[in-house]
Amino acid sequence: MPANTVFMEEMDAFTYRSILDRNPIVFVPVGAFEQHGPHMAMCVDAALTKQMAAAVAERVNGIVAAPIIYGYKSQQRSGGGFHLSGTTSLSAATLIGIVKEIVLNLAEDGARRIVFMNGHYENYQFVFEGVDLALHDLKLSGTDDVKIMLMSYWDFVDDETIDRLYPEGFTGWDLEHAGVMETSLMLLFYPDLVNMDKVVIEPPATMPKYDILPINPDYTPASGCLSCAAAASAEKGRILRDVATEHMVGAVLDEFE
Amino acid sequence: MPANTVFMEEMDAFTYRSILDRNPIVFVPVGAFEQHGPHMAMCVDAALTKQMAAAVAERVNGIVAAPIIYGYKSQQRSGGGFHLSGTTSLSAATLIGIVKEIVLNLAEDGARRIVFMNGHYENYQFVFEGVDLALHDLKLSGTDDVKIMLMSYWDFVDDETIDRLYPEGFTGWDLEHAGVMETSLMLLFYPDLVNMDKVVIEPPATMPKYDILPINPDYTPASGCLSCAAAASAEKGRILRDVATEHMVGAVLDEFE
Amino acid sequence: MPANTVFMEEMDAFTYRSILDRNPIVFVPVGAFEQHGPHMAMCVDAALTKQMAAAVAERVNGIVAAPIIYGYKSQQRSGGGFHLSGTTSLSAATLIGIVKEIVLNLAEDGARRIVFMNGHYENYQFVFEGVDLALHDLKLSGTDDVKIMLMSYWDFVDDETIDRLYPEGFTGWDLEHAGVMETSLMLLFYPDLVNMDKVVIEPPATMPKYDILPINPDYTPASGCLSCAAAASAEKGRILRDVATEHMVGAVLDEFE
Amino acid sequence: MPANTVFMEEMDAFTYRSILDRNPIVFVPVGAFEQHGPHMAMCVDAALTKQMAAAVAERVNGIVAAPIIYGYKSQQRSGGGFHLSGTTSLSAATLIGIVKEIVLNLAEDGARRIVFMNGHYENYQFVFEGVDLALHDLKLSGTDDVKIMLMSYWDFVDDETIDRLYPEGFTGWDLEHAGVMETSLMLLFYPDLVNMDKVVIEPPATMPKYDILPINPDYTPASGCLSCAAAASAEKGRILRDVATEHMVGAVLDEFE
Amino acid sequence: MPANTVFMEEMDAFTYRSILDRNPIVFVPVGAFEQHGPHMAMCVDAALTKQMAAAVAERVNGIVAAPIIYGYKSQQRSGGGFHLSGTTSLSAATLIGIVKEIVLNLAEDGARRIVFMNGHYENYQFVFEGVDLALHDLKLSGTDDVKIMLMSYWDFVDDETIDRLYPEGFTGWDLEHAGVMETSLMLLFYPDLVNMDKVVIEPPATMPKYDILPINPDYTPASGCLSCAAAASAEKGRILRDVATEHMVGAVLDEFE
Amino acid sequence: MPANTVFMEEMDAFTYRSILDRNPIVFVPVGAFEQHGPHMAMCVDAALTKQMAAAVAERVNGIVAAPIIYGYKSQQRSGGGFHLSGTTSLSAATLIGIVKEIVLNLAEDGARRIVFMNGHYENYQFVFEGVDLALHDLKLSGTDDVKIMLMSYWDFVDDETIDRLYPEGFTGWDLEHAGVMETSLMLLFYPDLVNMDKVVIEPPATMPKYDILPINPDYTPASGCLSCAAAASAEKGRILRDVATEHMVGAVLDEFE
């Protein structure tokens, strides 16, 4: 078996238990299964978040739980919308349940420092609820020393980096769905799952300041991408990973050490 | 991107949509995150089932959805028990929800022929409930042409093969947790995630004819394995895969063609 | 009122409370309301299990709670299927709730040794979940001395008895739905609810190794029976009861004394 | 098997199906498992309601489903309170689920005229919710010809009968818990489950105009009875049954014919 | 800000916290959004209960939480029925959830004496369940000194007052929907939301002794009122308020002081 | 009763029904009950949103439903945190339920154009889920012409206005909790519920880029305000209202006319 892997999926249980004894920070990647345009595979949100979590975990001697693969319904203004075929989503209740139960299991194993790293904009509030319900349950059982961080990795890309990577202007993380950031990171981590030849050249989507339900498909570009990935590169991916990792490591250490 | 992959996780949405147009059989692997002794990684149930589903999908021109990674609570008589650290489980309600919502999403995409392939003994009834609830919902919406199979891959290993692979006698699929079958298949599909040197030599566990809750840890061997994997080999894995695949292909074609 | 009855339904509350003071084993029969062919009443699963529980309770100085009358959806391979008119079933969520709440009530009364005796194949996993949720709740409240057994009574019929009662071969407990075992026990306990003249003579059902949903009615014999009850007799019922009771008493005493 | 029984529990499925063909009124008795003082068994609410339902069913050529044995939490002002040992209750969610699912099953079988007959004061609102949720679900599936009555049998005892049976004054149905009405009906239907020698002679309980939670046990008489059953008799039971049956038959025929 | 207001909605958090320090009785008004005939606004149940709660709170130095504005489904025999347009209702599960969560929040703030004052007949059982679930949760967390009263304000109008205000006979609180009591209280508290010219003159509704679902609209008067409000007056409102307040103050002090 | 009120709470049911006949846009304000520092009452979120909804409704001939008074748990980075006494919050499940059921009721009344106007940052995703679940249910019943907008009113304040009202720089809507915007609008609509003398002079809170649970109280200023309200004025409130209303009216008309 792989020595020194950070991924719980690749560990046997005895190794995991000996690692738990030293109270590691446990990262739980939260993704989604969602269309990401014609140029990327649908696994992006879980796959990237797993790698970003690993990058941080390696730096803080932590480990990475199996990712949450399916996420909350894709919303039009941040993911194109759940009406798009391929996007396979969970309800609020189910996602909350998964998060809650993973926390309870990890805490039962002895984990006391947990980070939910989110990679799908729409998930955040439901992860929050799941964590809060789990902590309520733990408190009832007399366990009050579990501390949990919730973060989305893109929030740790600093303004300077944004200016550098988006010289023509940055339209916000919500429109980055299948855009330069995600594509660059995929080129870095999973180049086989990107086909830059299929990138559609188009201006960023213009989204209203509200949601309409049922979704009006006209608001989403036919590509399913909310901004153009043509300027993506593995090098930008490396920069994004390094910058975000650096800041996440800092935040995690600030909170947990 | 990989050409002709069966894995939805590796497809872009446009490729997926064009495949959906020919009404493929969609396989959903259902695993678990569970200790599998000192000699195997904890991802076994999801990882193997994903491969078994792929083996069948390739033969019937089908595709494989992203697996359900976390499963129902490990029970002592078939998985050693959920009290064992590392085993990370979902409640009935949450697993039912995941299954139900995946069905609804796939059906919305146009899938009409779905196979839930189970790789964790304890999951079956909850997968059944999730599928039934989804079909009830689909019926209400006027969709009554979705047909779903539920199977556990080991049920398709025939008696002749069992006699051949277990010359000293077969103690039942329930005790095969982390035993010869799973270990052989892991040696075939993921040799890096097995360490045969760590296999514990011990007689098969003797389990009562009932469950006790809270779990009495004494009933589970310290290894967490319910039978000994020492006789496992990649070659046996190949035989198991081939035999089960052959019979699953037959069953799937019988039902869907 | 009946003196020395084991049935809580026939006790007044004061008698019950005095019995509870001596920490009796409390049996909860879990049945179902389900077609059992043209030759038996639909109450079989609850009615038999109540009697089997009483037979064990009498031997261990225990008591029997009011049965759970409705059970989980009949599945085709073990009960003919929930599509059959007469079969009246509960969802997973509701059955789990009933089990959980009965445990909490009994524990509140002071019961510390509880046995859920199952008489409907499909129920088992949901009873397990209900018991586990209740014990989690009890643990939160500081009650950690409640111990619960879960069993299906047929698992206690030994191989020797099977050989004796099924001289032409035994096809498995799943196909015993409305077959020799259940019919023999009904002839023993409730002869008025059996009409042997209506037994359909047919070979045992041939069931696939998987489930199909929506149910394909063609797989279930028109009788609704999965094997033929013609060889049933009250005498066989007596043997089955005595053997299963003997082994259940042994198991219960092993665990609780 | 019993000829012409009204009880579904005693029918085989084929007989049931032939009865369903003539669109019978199906009665579902809703009881509770609850202390009823030192002089009566704890099965009173389900047992009596089953008999009352049968009395009406026989008159209108209807049938009686298996009763709902466990009911909602006993409240202090109508049942003494759920804190009393022996009383074994369900939550709102679970009782609602049972009712909903029974309606859906009966409707699937073809039943179009259903009566929920309640025998435990506290159940009523939850039965209402379960029925409403089921009808909502049926409406979605295009079934809009199911009609359901909800009643409590005591509401059909007329004022004249009350004056006759309670010459010293009537304190209301809520205080009749384990009092003259229930005891008289038990003496009529199940004399073996009553022991008049154990009736406690005491004035009716004085209950506040509100509920207090957690329950203040001081408000409930030690006997658990809210009024004295000393004046009960089988003859009064006969009168109560006949009068209530007469009026229920009238109401049922008014609605359904 | 208003000095000495009893309404939490009008307090700033710091004022609230200083009041909580003296362990006040906290009243939670539970209303409904429901048609009340052509002569009254649809806010009646929440609006009146808020005022009645304030009247009691002022007398016992208590405070009044923000009301629960939406309530359980209007039933035909006490509110005309939920089929009537304008009536906007919650399910059992949702109302139970609101009540439970308000209790948990107030208890977390330090409140130990809480009164749920109900103003919509149909709500009561669901408020009871919500309170009981909350207290169960609090007990698990070791908080066992929260005491909660549940009451409907009309239960505190005494017989003498009823005789005085209904000289032609009183038909029961259930038929008082949009009748003399509610209209008189609205004339007292919110005269602008009543138009006596629109009162329909009609005899009280004749309701069956049971419910029918789906609702048969014929049983509800076209006005939506179950009894005639023509005799209502602000003066009667004042009497009703004063009498009910007096008795509620007595009950609250009896329980809490 | 008030003529031409937009508030459903002030309408009688008959007036409401006649308005519904002309297919009005129905606005549902979604608030929260939450501490807003020492200078404002705790009703802010519901009270302001109700007024903003009315301002838009008046312009588009719409009506305003009774507000949702309690909202989702206050989060530290946008509301100071749910640990602060006075803040009284609902769980995700309950808020989703309220939203879903209000939609179903309004649709049943005939409403086809609905706007959920949000006034509490944390609510948005749960309102989205509730609306989506309701629309799914409506679709099953064959109702597919209900269209729903979801918006937060502050998103309609344009950049120019922000520059004008925040000459010293704008720190984002999340930090506007109890800051200039909310306080200015309260001064406009409810001057009696503001006390500018109690405004705490302090720099805006510095919040981390993540959440920590359990909440670390140190991150929230003692005032509970995330930015200083000293610069608030009724005049700014008027500008904010007018600008946001203007843009909301435009958006609503774009979608619905």
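Here the chain labels run A, B, C, D, E and F in written order, and each chain numbers its own residues starting at 1.
Just so it is clear, contacts are C-beta pairs under 8 Å (C-beta built on N, C-alpha and C of every residue); 3 or more make two chains touch, one makes a residue touch a chain.
What you see is a predicted model; the values in this text were computed from it and never measured.
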Where the contacts of subunit D and subunit E overlap, which chains show up?
-> C, F
Taking all residue numbers used at the subunit A/subunit F interface, answer same if over half belong to both copies and different if under half do.
-> same
Max Cα-centre separation from subunit B goes to chain E
Pair with more cross-chain C-beta pairs in contact, given C-D and B-C = C-D
Fit subunit B onto subunit F over the CA trace and report the rotation angle, somewhere between 0 and 180 degrees, nearest 5.
-> 120
Could you check which of B-F, C-D or D-E has the same interface as A-B, with more than half of the contact pairs identical by residue number?
-> C-D
Distance between the CA centroids of subunit B and subunit D (whole Å) is 47
In angstrom, rounded to a whole number, how far apart do the mean CA points of subunit B and subunit E lie?
-> 54
Shared interface positions of subunit D, touching two or more other chains = 91, 93, 140
Between which chains is there touch?
-> A-B, A-C, A-E, A-F, B-C, B-D, B-F, C-D, C-E, D-E, D-F, E-F
Parts of subunit A lying in touch with subunit B, wherever the complex brings them together | 1-2, 8-14, 16-17, 20, 33, 35-43, 46-47, 65-70, 84-91, 93-94, 97-98, 101-102, 105-106, 108-110, 192-195, 198, 224
Subunit F-touching residues of subunit A, taken from the complex the two chains share = 72-73, 75, 91-93, 96, 122, 124-126, 128-129, 131-133, 135, 144, 147-151, 155-156, 208-214, 247, 251, 255
Mind pulling up the subunit A residues that touch subunit E in the complex?
-> 139-140
Considering the complex alone, what residue numbers of subunit D touch subunit B?
-> 137, 140-141
